[in-house]
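Below are two complexes that have chain A in common, paired first with chain B and then with chain C.
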Partner chain A sequence: MTRRPLSGRLRAWHLVAGTALLAVLAAGSLFVGVSDLTPAGLLAGRPEEVRTLVESRLPRLLAILLAGTAMSVAGLVMMHLTGNRFVSPSTAGTTESATFGVLVATLFAGGEAVIVKMVTAVAFALLGTFFFMAILRRLTFRDMILVPLAGIMFGGVVGAATTFVAYRADLLQSLGAWTAGDFSGVLRGRYELLWIAGAVTVLGYLYADRFTVAGLGRGFAVNLGVRYDRVVNTGLVLAAAITAVVVVTVGEVPFVSLIVPNLVTLALGDNLRHALPATALTGALFVLLCDIAGRIIRFPYEIPVSTVLGVVGAAAFLALLLGGGKRMGLR
Partner chain B sequence: MTVTHAQGSTTIPATPEKVVVFDLGVLTTLDELGVPVAGVPVAENLPDKLAKYAGDGYTKVGSLFEPDYEKVNSLEPDLIVVAGRSSAAYPELSKIAPTVDLSVDNTKFLASFRERTEALGTIFGKQTEVERRLDAIDTAAAGVKAKAGDRTGLIVLTTGGKISAHGAGGRFGVIHDTLGVKPAAEGLSTDTHGQAVSAEFIAKTDPDLLYVVDRDSAIGENGAAAKQVLDNALVNGTKAAKNGKIVYLDPFTWYLAPAALSSVDGMVKAVGDSLS
Partner chain C sequence: MTAPVLTEAALAATRRGQGRRLAVLALLAVAVVAGFVLIGLTGNWEYALGVRFRKIATMTVVGVAVACSSVLFQTVTGNRILTPGIMGFDQLFVLVQTLIVFLFGALALSTADPRLLFAGQVTVMVIFAGGLYRWLFGRRGRDLYVLVLAGVVFGTLFGSLSSLAARLINPNDFVVLQDSLFASFNQVDPDLLALSALLVAGMAAWTVRLTGRLDVVALGRDHALNLGVHHASVVNQALVIVAVLVSVSTALVGPITFLGLLVANLARQLTGTFRHRTVLTAAALLSVIVLAGGQLVLERLLAMNTALSVIINFVGGAYFIALLIRESRR
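Then we have the complex of A and B:
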């Protein structure tokens, strides 16, 4: 996984430009929605417009930024730890396991607080991810494509189990409602758990160097004095926790964790500490753009962000495979 | 005797004795008319008056959506009734026994409901009682419509913390189409699952009356109950909230078994009460 990184100056320039773009879009997104909210109205301090901003638009923006950032960083970390650029929470069974956890929590603790759901989802996401890692260790051919294929199949099995349980419990429609990633229900008081995902993402940054070394392989890492297993486990726990928190609060946001890290490393190289801020930034941008599109296309109704991400993400993934495949060492 | 229904017409024996019913609305009506049934779908959270159908005395013939064909076959029924959720099973079921589809057309709910219920009355020889109750519903509905005036209403369904809006011609459209409450939003999809909306949409629409169907409680889940979903500053700022006109509709009546004599009775009454 080596490629020529861009020069430091170019990288800094990219980050500044990206941040500026994100700031502009973020500010713009505050004024996209059903209720009347205009910059002029805000400046005039109209109470109902201030209320819309505080209760609905700001929480939604924060939720989008946190979810986009956290999911793409989770993807980047998993990609490094497995040494495979197609391994992400959505291709290693992590997302599906977290969803299964939410279902189990609903069945056995329906009326309980969200925190119960979250803890269960994190536990299931961890179990699933570690199970996938165990499969990975037993794979003889660690082909670039074979590994994520195994993960997708494992995720498919977990997903089938989830569907079966939901079917028997007459919860299929409800399952559909929880899993479709959607920011339309985000209001003040409904998204704050995502800050946990944000905090975990920061932890990921602090650990970045060790993840980079671990990504070079066990032998190399141990020689450099890194506690390989502990670093790998920490990374997987971080990724699983982020995924579970996002699934519980907004639902599944497909493709972000897979595409964003790939696009960024394609441009910036593999040093995790360098790639992390750009990945976080791009993830936030990507999800924000898709959500704004979902809000505009069928105004005043909404298309869930997961649907938009599914369409845009699938196209981007194909383009990556076909166009970037050579550079990524696939062809 | 030949019965015309939503998927054509079927010839059935003069007095069918062994009856399998897949629709909770039809089941409720038959219960009220004192017609015995042999097979019913598995359904939890039935209201008290129907609780006996969950017991062992009735053969369970599948889910509300999907028949257990072997069970149906082994019962050798004289008549099978499907509607709404189970209407897709009509072709298969009609191979087993005479089957009628009593689905109600939501775009002309009351007229269609009358037609279907009259068919039931004819099949089981209960015409007089059916006519009497249908006429009473029509009279009550006309009274409610006269009361509605210029008031606007929005119908939302909540499930798993998400909100969808339903308009005229939709599954809860009787509120607008028959009972005369003006739709607060135009052009809502008549899709079974309505139109996904945000709390901002409710705030912007600002209806005089907000009608809420809580799907989670309809299916016995108490996850994110509707009250919790709708208790936020945006919804609380609407005219409906300020005037105490957020109306929680009975989930069995509106969601699970809308096309039943007592359900339609209850619908007319609920909307009438909300207008007083």
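Then we have the complex of A and C:
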């Protein structure tokens, strides 16, 4: 699935401009919220405002940036490894499997140890993703669309299993609370796990060239001296780990991993080392914008970011699917 | 698909075989229904019978509606892995319902005559769904899987829009809305049930009148036109029927995404024919067997209440993946 860039190369000023825009929005987002927080108050050093900033607004901002960056990079990596631009954690059952893992951990280990939840979620996400890859191998006719369709249905099956178990265990309501991605509960001490996702994302950057080569196909990769299976497995583990960490800390953030990498590679082409920083930046921007929108639309109430992302993301995906199909080289 | 050339006698024999299978299905359906009504009947049995009769009536109405709409939809779109549920039809109904509350407030939902309201919803749904899916299917050269994926994503979009609208509704209105959306087999308004039964019966009669032309439409657009059948008109009528049936079943019990896929395909496999009269009957019977039988097992044997749609989604989703794999090997 090689894609030639539309608008030439990524230039340094693109990244600089993007970063500047992100910085402005990020700073602005700190002052959007119910409790009073103004630049003037901060400068005057009012203790309650400083506390709001440190305990709530800054952690929230960091969580948004980390989750947006990590999810979009996870999507980009999976897209490369499967050679299909519609495969991402949300269309391969990875997210649903991670959620299942969280449920299982809660059932058997109680709600206490976050680390237990996370490890279980990662394990389940991995299991789910590899199972999906096994289904993929059975699809002899690998249509660009057929693969994500199978993935979405697989996710649906895992989701139904999760609902059933939760229903039997009387956890349906808590399940609803975990799965809806929402940054409003993020406080200091409640988001730090996301730094792991950030670290894994950096690891993805170090591996970028190998992923690019693996994306060219097994034969090609082996000829170039890349250990294909090992690279693919590493990539899937990275993507599954990122997804699981995000699900455990903030819940499901739909469509980010699907839309952002597609938009970026549409503009920049397929070289992962080029596309990756831009993807990370765009992912952070995208989630930040949606979160700010969710905070503003019905002030002082909040609309969870997963709802906003669901609307914006689904609409964008449909536009890609029905409108941009030809340009994306679908047929 | 190549149809073997049959002699008159062989044809008659196949027909008899199909008739026998339908009879077996009918017997099974009667047995399941009787089992559901009678097994474990204790205590105040007069009251219990009333409750059970209403449940079984609901399941029959929903079952027939789902079966009929799925078979019609598959014929019109010329494909066996599409059903209204997968294409987001029932999410669309939920969205319409939510938007009504959003625009007019819960007062409209609770004070208006439920039958009038229902008729209004169905009308909006028919117009909207008809327009949307005609637009989708009208685009020539669309690859089938693009359509299915688009349908799935439309479903997600409608779902997200509903929950967004639900968030914007004031909390009191939201409670009313939630009640109206999460009706299960256990609590169905008798008035609405009667109206739904009437609507489904009407649509079924309409479908029966269409069956001959549907058999021809199933051959594809060009063949149908060559054989003198007004393809577009039949497709339009079928889409209206589908929209009404989906509205009815979703309004009664909420979305059951995969039931239609399951029964429509099983019916084709069991009867081994494409004649709509046979397939529709078989699908409707199967639908009742799955719903009533499933509910029977869950309620009486496992002492659970409302998880049937979850189980149907699990089995149906797995079946869908299997279908995809098989179709992709052709």
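The definition used in the following text is that the second predicted complex is superposed on the first by the 322 of 331 C-alpha atoms of A that agree within 3 Å, B and C clash if a C-alpha of one lies under 4 Å from a C-alpha of the other, contacts with A are read in each partner's own complex, and residues count from 1 in each chain.
Note that contacts are C-beta pairs under 8 Å (C-beta built on N, C-alpha and C of every residue); 3 or more make two chains touch, one makes a residue touch a chain.
Because the structure is predicted, anything quoted here is derived from the model rather than measured.
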item	value
Combined model on chain A: chain C and chain B, fit or clash	clash
Contact breadth on chain A, by residue count: chain C or chain B	C
Touching partner for A:Ala177 - first (chain B), second (chain C), both, neither	first
Touching partner for A:Glu48 - first (chain B), second (chain C), both, neither	first
Which of chain B and chain C A:Gly185 touches, first, second, both or neither	first
Partner chain in contact with A:Phe317 - chain B first, chain C second, else both or neither	second
Partner chain(s) touched by A:Val308 [first = chain B, second = chain C, both, neither]	second
First (chain B), second (chain C), both or neither touched by A:Gly217	neither
Partner chain in contact with A:Pro39 - chain B first, chain C second, else both or neither	neither
Single chain C stretch clashing with chain B - from 6-14, 24-32, 42-50 or 150-158	42-50
Shared contact residues on chain A - chain B and chain C	301
Chain A - residues contacting chain B, complex	33-36, 48, 51-52, 55-56, 106, 110-111, 170-171, 173-174, 177-178, 182, 184-185, 187-190, 300-302, 304
Interface residues, chain A side, partner chain C - complex	86, 135, 138-143, 145-146, 148-150, 152-154, 156-157, 160-161, 163-164, 167-168, 254, 297-298, 301, 303, 307-308, 310-311, 314-315, 317-318, 321-322, 325, 330-331
Interface residues, chain C side, partner chain A - complex	143, 145-146, 148-150, 152-154, 156-157, 159-161, 163-164, 167-168, 257, 304, 307, 310-311, 313-314, 317-318, 320-321, 324-325, 328-330
Contact set on chain B toward chain A in their complex	44, 63, 159-163, 195-201, 203-204, 215-216, 219, 221-223, 229, 232-234, 237
